[in-house]
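Following: one structure in structure tokens, then a few remarks.
In order of appearance the chains are A, B, C and D, and numbering begins at 1 in each one.
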Amino acid sequence: MIYCHKFRILKNEETIPGHRLMIVDAPGISAAAVPGQFLHLRCSDSTDPLLRRPVSIHRVERDKGLAHMLYRVAGRGTALLAGKMPGEYLDVMGPLGKGFTLPLPGERVAVVGGGIGAAPLFFLVEELIRECPPNNMVSFFLGAASASQLPPASVLHSPGLEVHTATDDGSAGYHGTVTALLESRIDSGPAGFDRIYACGPAPMLRSLVRMAGSLGIPGQVSLEERMGCGVGACLSCACKIKDRSADGFLYKHACTDGPVFDMREVYYES
Amino acid sequence: MIYCHKFRILKNEETIPGHRLMIVDAPGISAAAVPGQFLHLRCSDSTDPLLRRPVSIHRVERDKGLAHMLYRVAGRGTALLAGKMPGEYLDVMGPLGKGFTLPLPGERVAVVGGGIGAAPLFFLVEELIRECPPNNMVSFFLGAASASQLPPASVLHSPGLEVHTATDDGSAGYHGTVTALLESRIDSGPAGFDRIYACGPAPMLRSLVRMAGSLGIPGQVSLEERMGCGVGACLSCACKIKDRSADGFLYKHACTDGPVFDMREVYYES
Amino acid sequence: MRVNLAVNVGGIIMKNPVTTASGTFGYGPEYGRIIDLNRLGAIVVKGTTLSARQGNPTPRIAETPSGMLNAIGLQNPGVDKFISEALPFLRNYQLPVIVNISGDTVEDYHKLAGILDRAQGVGGIEVNISCPNVKKGGLQFGSDPDSAGEVIRAVRRATSLPVIAKLSPNVTSIAAVAEKVAEAGADALSMINTLLGMAIDIKSRRPVLGNIMGGLSGPAVRPVAVRAVWQVYRAVKLPIIGMGGITCAEDALEFIMAGATAVAVGTANFVNPRATIDIIDGLEKFMLENNIKDINEIIGIAQ
Amino acid sequence: MRVNLAVNVGGIIMKNPVTTASGTFGYGPEYGRIIDLNRLGAIVVKGTTLSARQGNPTPRIAETPSGMLNAIGLQNPGVDKFISEALPFLRNYQLPVIVNISGDTVEDYHKLAGILDRAQGVGGIEVNISCPNVKKGGLQFGSDPDSAGEVIRAVRRATSLPVIAKLSPNVTSIAAVAEKVAEAGADALSMINTLLGMAIDIKSRRPVLGNIMGGLSGPAVRPVAVRAVWQVYRAVKLPIIGMGGITCAEDALEFIMAGATAVAVGTANFVNPRATIDIIDGLEKFMLENNIKDINEIIGIAQ
């Protein structure tokens, strides 16, 4: 079931500078959604800007029928979103796409988010905590440019969860990229990870996929591409997926085949 | 001086059904404006709808530096205007166009407004009351479809002023058009009029111009045309004005040559 | 009052004049999860070629004022896979399936038409001689009236299915192309394909699209599309499927009054996945309100 | 840092690359009450013909998504009155005045150029072979490369002033037209004129514009215009004045990076009368922020 109509906005507030948390009253969506799926939002009734904007489901509160989105004000569309008031209605389409597949029982899991890429991982971590304890250890690695840009992970506190942070400027947690932080943890600790989930900027994902590949750790990444339809009809959100064809890849579509893909499938030019 | 920037909205309220009164804090405009001039409003920051919308200056409160507009919610642009809240800023350009020329001392004046065409005439009537008493008698004829659509003229009360109303359905005042009402007054009373000012739908103005012509009463009408620039640069707001050329008319421009034209100048196809 | 919305587009009987624009509606299942496909007058599927195509590098789309650029590059699994994998799903529905075809050579078009002629469940062939996003063929055929005629003649020879020629607005005279394809045996025309356009990212100082240029669609192009329908309606007697920026019933009526027998909804599907249904409902409402018994009464009425 | 914004458009020296699009800025005084005309790189005035023209019946404009249609029909007082009544005002300003001319025949263009050549205070002639809103001439010349060349040759013979050929996007190959007018002796090119379009009023069931068809301008057409500049920059070596939907410095930069030496602001003046000035300021700011010393460095940089 794909919902597509106007949902009431309950909250739309700045959380960390330049980022906002929006909560919509959408029982159907919150009941159906799985972590990694996204919503396709119409930011304006006008034809300019014309297209919808994809935003991940950040969290759900199933008991209250709420869906949360955490978004960065990046351009015109998200600026229009930022201007919406609680009580107004937002045209939401979703849930869309394929989400993350949960780990096997007992697997030690690393969840790695860079920048706003952390948004969908909160939902994943909550689901991991709910579905998998007490067998799975979950480590949530969060990276950002600086301390002020780190989304507060305190909402997630749970016995089975460890949260580690990294900042580019060293203003909080590890001084460096979140990938380097993960690597250092793997190197130093006796406990490696059996599975990695990640979302973040393309270069981060690329180095993470390489690292996981060389360590032989399986996992999934959520990719971003420009989207038109959000349902597989326009073929705009093409992602290169490994293939035995002459090209070495074929195009799959972030909106329906993804946005979550197996790390081993993602094709990167060398 | 043509102002063109964002002015603060102080009020934007429905007055009669489907019509709103907007007041902006615009001291420069209210000081400079003359009756019959208009403002050119940008209804949205988006490029859709793209063009400005011309709206007459309904009244000014010079002492408080305020400009009033009375507008009918006609389509997309005016609907967007209707959605603006007090405290928001509106991009206003003006005052634009040529206004009405005041009567000679002692002239008996008829001011005739049909529908939303009455909007600019309130400013005119107030100016007539202020500038011309006690020598000029002013009769304000207001026509509308029905009683609920008549803009309240009570704001104008003044010893030298008579207000007459007409409605198409007879729900208030004279049962018939405002032109027929004026005609009946001229026929019945001993006191004719020395000058007529009018604004309203094209067919009303046309019959009024014909009537005034046959009675030999001079006057002015305010015409409406689609506008691009509002300053005479695009030549879109062309109005046919009598001329000795072969065509019998030439095009003048509502935004700069008008919107107020001498009744005797307006060219109508026969 | 009961109103008739059914139209006949060159032998394709549509229960209402609303179909989908090729490449904006996939193969049916994509939007079939949101709307009831059976309500559509017809469905036009994504452009199909003889063999599979990967399509262009990303970014494949860019947003522009009231429009979008696309350079998908005809990604598709090839006609055989289309027939074996996509067509069976569509056979479950009671509506004409129109297959949009593209080729590098006249021979390709001929072959494609022959293959589709033999496939079960194809209601018509839309011949794309106007795609701006592929290196060979495509727009090249559509920009020259004679080559356009040649392609349509080749298709005509290969099939008895209704043949719709899809015209490009990127020409000096769309009416001249329409005349040639009419002579060549087209049963209907569809227009417009996208306008050739591009956008530049001033930060990277590079074109936004992976393919550099792309096709402009959406409300921005509507005035150009309405004009094309108006001009072609006067030039040839064939039924026209009008498209280009249609978002609502009012837009669809502009095309119909300009001379279109049917309309296709493209980019608007991305914005409002229920656009086609809203338009069908809106057309019916307009007819009831304006006492129009048969939609055919108002085709070309503005002429 | 001081940055250089000056450009040379076929012999016209502009202190910055921003001018006005013909027909959207009158003759100067209209916007001169709102902005300081001396800040402009140049001014291009309303289209001028040999004798006075009344122009088309109203409505002359219609709003469309992110754009507008116009069918003004070249209303103007004729070249003699232009010289005696409009030009003196412009002589007070320190900026090149470019006169946009239109004719019914090649001879008309020749005569107009000769008259303007002798007038004092004309900095260049922009030859409009692309107006969609007049019955004769206009677009007819612009749609055929050879006729376009013929018009430019006639103008070239009549004047030593810089000659700018204004090209239409309503052609199959704008580069082919550009090549011919370059051969014919044009010093520069300007593009694009409006796209041929129309709108229908579904209530009256009639075309909205008095003239039926009109020219589409505004942000909606920008992708088409950027593409035209990009293509022509590759085809000929002449400087280009780019226009079509420019509203802000970012838009202007798209054109410059695509290959335009200068840009003209049209429809945007109606929305923001200070658009030209905002763009000039914005270009300077961009250059300072990006350490670009000379605007000429980034002309065509996206190619």
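By our rule, a residue touches a chain if its C-beta (ideal position, glycine included) is under 8 Å from a C-beta of that chain, and two chains touch if they have at least 3 such contacts.
If you're wondering where the values come from, they're calculated on a predicted model, not measured in any experiment.
Asker: Touching subunit A and subunit C alike: which chains?
Answerer: Of all the chains present, those in contact with both subunit A and subunit C are B, D.
Asker: If I average the CA coordinates per chain, which chain comes out farthest from subunit C?
Answerer: B
Asker: How many Å are there between the centre of subunit A and the centre of subunit B, using C-alpha atoms for each centre?
Answerer: Those two chain centres are 57 Å apart.
Asker: Can you compute the centre-to-centre distance for subunit B and subunit C, using the mean CA position of each chain? Integer Å is fine.
Answerer: Centres of subunit B and subunit C (C-alpha means) sit 48 Å apart.
Asker: For subunit C versus subunit D, what separation do you get between their C-alpha means, in angstrom?
Answerer: 34
Asker: Listing for subunit B: what residues touch at least two other chains?
Answerer: Within subunit B, residues 47-49 contact more than one other chain.
Asker: Residues of subunit D that touch two or more other chains: which are they?
Answerer: Counting only residues that touch two or more other chains, subunit D contributes 65-67, 218-220.
Asker: So that we know how the chains sit together, what is the shape of their touch graph: line, ring, star, complete or other?
Answerer: complete
Asker: Which of the residues in subunit C come into contact with subunit B in the complex?
Answerer: Touch residues, subunit C against subunit B: 65-66, 219.
Asker: What residues of subunit C sit close enough to touch subunit A in their complex?
Answerer: Residues in contact with subunit A: 23-26, 30-31, 33-34, 46, 54-55, 58-63, 65-68, 70, 72, 75, 218-220, 247, 267, 269-274.
Asker: Mind pulling up the subunit A residues that touch subunit C in the complex?
Answerer: 1-2, 4, 42, 47-52, 93, 225-239, 247, 250-251, 256
Asker: Show me the residue ranges of subunit B that touch subunit A in the complex, using the header's touch definition.
Answerer: Against subunit A, the touching part of subunit B is residues 44, 46-49.
Asker: Using the touch definition from the top, list the residues of subunit A that touch subunit D in their complex.
Answerer: It is residues 47-48 of subunit A that touch subunit D.
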